[in-house]
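Two complexes follow with chain A in common, the first pairing it with chain B and the second with chain C.
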Partner chain A sequence: MIWQLDLSILSLIVVCAFATIMVKDLLSAAIIFGAYSFLMCLLWTEMGAVDVAFTEASVGAGVSTVLFIAAVHQTSRRVTPRKSGRLLSKVIGLVAALLMGLVLIIAEADFPGFASPFSPASLHLSPYYITQTLHDTNVPNIVTSVLADYRGFDTMFETAVIFTAGLAVIAILRRYKKDDSTEIPEPYTISEGYPDTIIRFVARQLVPFIQLFALYVVAHGHHSPGGGFQGGVIIGASFILLAISFDTRMIIGLMSEKSNILLGNIGVLIYAGIGFLCLLLGANFLDYSILSKVLPATDKVMARSHGMLGIEIGVAIAVMAIVISIYINIVSCGKYDKDV
Partner chain B sequence: MGSIISDYNYWIYILLMMIGLYAMLAKNNLIKKVIGMSIFQTAIIIFYVSIGAKEHATIPIIAHGHGAVEAAIDVAHYANPLVHVLMLTAIVVSVGTLGVALAICLAIHRRYNSLEEDEIQEQLQ
Partner chain C sequence: MDIIVIIFTLTGLIFFFATTVGLLRFPDFYSRMHAAGKGDTLSSLIMLLALVFYNFHEFNLANLLVALKILLIGIFIFMASPTATHAIIDAGYESDIKPWTKKPEEES
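Right, the complex of A and B next:
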C-alpha cells in the first residue's frame, strides 16, 4: 500500500463525486460517474482487493454507466431546478448529511487504525480462510474459495437476488404489443444504432475475443482474480457492445426474452442443483467434498475445487442473461416485440 | 495529527456518504437521486475494504507453484479476504438494484413525462 497513491486517488474520487452531483447535464453526470467507478477500481487494486477491483471495473465502470446512459437516452438530459422551496430542500439535505457525518466522525474515534493487521475484523474468521484454503480446497485464490465454498449459501442467494432483479425490471417496464398496440411514441422505439462502418467493424472483431476472455475469467478464477460474476458480466457486456454498435433488435434476435429468463433459471438451478446433489450423496447442502464419489479420479480436496468451478459456471450463466435482459428492457423502455 | 493522516480512508468514506445522502435528499431530479444512492453504496464499500486492508500485505491469492512444498502461511501477509467477498457480491447486487431503480424512473417518466420531483408532485395533486 502506497499512501501517496491512496491519497491522490481518494482526492480524485471526491472531486468526481462532487462533479457528478453538481453538473446540470445528466449525460455528463453519467460519464463522470463512470470515471468515479474507474477510480474506485484503482483504489481497490491499491488496497489489495483485486477481485473487488475486477468486479468494479466490469460492473461499476462498465455496465452501470451503460445503464445510466440508456436511461438518460430514454428520458431527458435536462435537470430543472425546483420552482419553489429550493433553499428548504437544500437546508434539509445539508442538515441531515452533516448530522450523519457528525455521528460517523464520533464513531470513527473507536475504529481500529487504518491498515492495521490487528483490526478485529481481520482477527477472528479470516485467518482460518487464509491458512486453510490450500489444505481444504486446493484453491489459492482465497476470495474464490470463500465466495464459492465456505460462504456458498450467501453467494447462492446473491445469485437469486440478481435473478429477482432481472424479473423485477421486466415486471416494471415490459409492455406487450397485444395489450398496448395503440401508441408507440418516438422516444420509446428501439434505437436504431448509428451506422458507422468503423465502429461496427471493430465491435464485430472484438466480440469473440471479449467472450473468450470472459470464459478464461470464469475458468481461471481459482488461480487469479475473477470468477463467475465477473465473467458473466463480461459476456453480457460483449452482447451490449453489439447492441450499441449495431441494433438492439439484433441482440433480441440472439438473446430473446424467453432464452434470457430460461438461462437465468438454468444458472440458479445449476448452483442449487449442485447443492442438492451433495445432499443426495449424503453430505450437507453445498458440501462439495462428497462429489468425489461421482467425479472420476478426484479426492475430497479436488472435488471441492471442481464443485466451485461448477457453481461459478452457473453464476456466470445467470449473471450474463440477467445483465442482457436488464439492458434490453431499459434501452427499449420495455417495448421490444417483433415488428413494433 | 498522525491519526488524522493515517485514517484518511475513513474520513473520505464519511465525506462520500454525506455527498450521497445530500444528493438523495436535496436533488430534484430522480436520476441524480439514483446516482446519490450509488455514491452512498460505494462509500460503504470503501469502509469495508479499508477495514480489511493490512499494511505490507499482498493480494489474497496464495503464492504457489505446481508441486512446490507449501511454506507456512503468514496471516498478516495477506489482506483480509472475507470483506472482499462480501463487497464483491455487494457490487454485483448493486447493478441489480440500479437496474430496478432506473426501471422505476423510466416507468415514472412514461406516466408523468418528467423526472423532476416537484413537477411529478404537481401532477399528483
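Right, the complex of A and C next:
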C-alpha cells in the first residue's frame, strides 16, 4: 500500500463519479463510468484484492460498458429534462432519505471500528481462513476457497441473481408476438456489422486466444486470481466482440435463444446439483468433502478442491449464457433476428 | 541490468508524456488519435519490456514464465491497440468529421 497512490486514485474516482452524474450526454456518461470502473480496479489491485479487481475489470469496465453503450445506441443520447415534481413529493423524498441515513448512522455505531484489529472478523474468521485453507481444501487461492467452499451458499445465490437478471431482461425486452404494439425506438436496425477488413481480421485472430484465456481463468481459479464469474464474462465478451465486428445474426446462429436459456439453466443446475449430490451422499448442502465417495482416487481434501472446480464451471456456463442473452436482447430490441 | 530497466522505463515515460501532450495540443480529431494510437502502443510496449528485464534480476524458470506472459501481453497490445485506433478513426471518418486544414474555413 502506497498511500499517495491510493489518495490520487481515490480522488480521481470521486471526480469520475461526479462527472458520470453531471454529464448530459449519456454516451459520455457510459464511457466515464467505464473509466470509473477501471480506476476502481486499479485501486483494488493496489490494495492486494486481485480477484475483486479482475471481476471489476471484466464485468464493470468491460461488459457493462458495452451493454450501456448498446442501450444508449438503441434509445437516445440525450437526457430528457425531468418535469419538476410537486413540492410535497420532494419534501417527502428528502425526509425519507434523511431518516434512512439517520438509521444507517445509528446502526453504524454498533459496528466494530473500521479495520479494527479487535473486531470479531479479524480476530477469529480471517486468521482461520488464512492458516487453515491450504490444510482444509488444498487450494492456494484463499479467495476462491472462501467464495466457493466456506461461503458456497452465498455464491450460489449470486449466480441465481445473475440468472434472474437475465430472465428479467428477457421478460422486459423480448417480443414474441408479431402484433406487439410497443413502440420501437426509431433508428432500429439489427447490426449487420461494419465491413472493415482490419477489424474483422484482428477480431478473428484474437477470439480463440480470448476464449482459451477464459478457460484458463476458470480452470486455474484455485491457484491464481480468477474463477467462474470472470471466466464466464470473458467468454461472453469474446462472443460480443464477434457480434460487434461481424454480424449480430452470426452470434444468434451460434448461440440461439434456446441454447442460451438452456445453458443458463444448466449452469445454475450444476451448482445446485453438486450441492444436492452432497446431501444425497449424507453430508450438508455443498459440503464437498463427501464427494470423495464418488470421485475416484481423491481423499476428502482433494474432493473439496474438485467440488470447487465443478461449481466454478457451473458459474462460468451460467454467466456466459446470460451475458450473451442480455447483449442480444438489447441490440436487437428484443426481437432477435426476426423482423416482426 | 538495473540500468537497462531504468532506460526502458524512462523512454516509455517520455513517449507517454509526448502522447499526452499530443492528445491535448493537436488541433483536430485525426491528429489527436494519431498521437494517442501510436504513442500509447509504443510506450506500453517499452514499459512492458522494462518489466520483463526487471523480472530477470534473478534468473530461474518461474521468472522466465512470468517474462513470457508479459511478452504475450505485449503481443496482444500490439495487435489490439492499433486496431482500436483504426476503428475509432474510421468511425470519425464515416460520421464526416472534417480534417483540420491550415487555411481558415468558412463557418460551417
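Note that the second predicted complex is superposed on the first by the 283 of 340 C-alpha atoms of A that agree within 3 Å, B and C clash if a C-alpha of one lies under 4 Å from a C-alpha of the other, contacts with A are read in each partner's own complex, and residues count from 1 in each chain.
We take it that a contact is a pair of C-beta atoms (placed from the backbone, for glycine too) under 8 Å apart; a residue touches a chain by one contact, two chains touch by 3 or more.
Not measured: the values here are computed from a predicted model.
Asker: Touching A:173 in the superposition: chain B (first), chain C (second), both, neither?
Answerer: After superposing on A, A:173 lies in contact with chain B but is clear of chain C.
Asker: Under the stated touch criterion, which partner chain does A:108 make contact with: chain B (first), chain C (second), both, or neither?
Answerer: Once the two structures are laid over each other on A, A:108 reaches chain B alone.
Asker: More residues of chain A are touched by which chain, chain B or chain C?
Answerer: B
Asker: Should A:206 be classified as contacting the first partner (chain B), the second (chain C), both, or neither?
Answerer: Once the two structures are laid over each other on A, A:206 reaches chain C alone.
Asker: Counting only touches as set out at the top, which of chain B and chain C does A:276 meet: first, second, both, neither?
Answerer: After superposition on chain A, A:276 lies in contact with neither partner.
Asker: A:153 contacts which: chain B (first), chain C (second), both, neither?
Answerer: Neither partner.
Asker: Scan A:162 for contacts with chain B and chain C and give back first, second, both or neither.
Answerer: The answer is first: A:162 touches chain B but not chain C.
Asker: For chain A, which residues belong to both interfaces, chain B and chain C?
Answerer: Overlap of chain B and chain C footprints on chain A: empty.
Asker: Could you list, by residue number, the parts of chain B that touch chain A in their complex?
Answerer: So the residues of chain B touching chain A come out as 3, 6-12, 14-23, 25-29, 31-32, 34-36, 38-39, 42, 45-46, 49-64, 70, 73, 75-76, 78-85, 87-89, 91-100, 102-107, 109-110, 115-119.
Asker: Going by the contact rule at the top, pick out the chain C residues touching chain A in the complex.
Answerer: Counting only chain C, the residues touching chain A are 76, 79-80, 83, 86-87, 90.
Asker: Give the list of chain A residues in touch with chain C in this complex.
Answerer: Against chain C, the touching part of chain A is residues 194, 196, 198-199, 202, 205-206, 209.
Asker: Which residues of chain A touch chain B in the complex?
Answerer: 1, 3, 6-7, 10, 13-14, 17-18, 20-21, 26, 29-30, 33, 36-37, 40, 43-44, 47-52, 55-56, 59-60, 63-64, 67-68, 70-72, 74-76, 79-85, 89-90, 92-94, 96-98, 100-101, 104-105, 108, 111-117, 119, 121-122, 125-127, 129-131, 133-134, 140-143, 146-147, 151, 154-155, 158, 161-162, 164-166, 168-169, 172-173, 188, 223-225, 229, 233, 319, 322-323, 326, 329-330, 333-334
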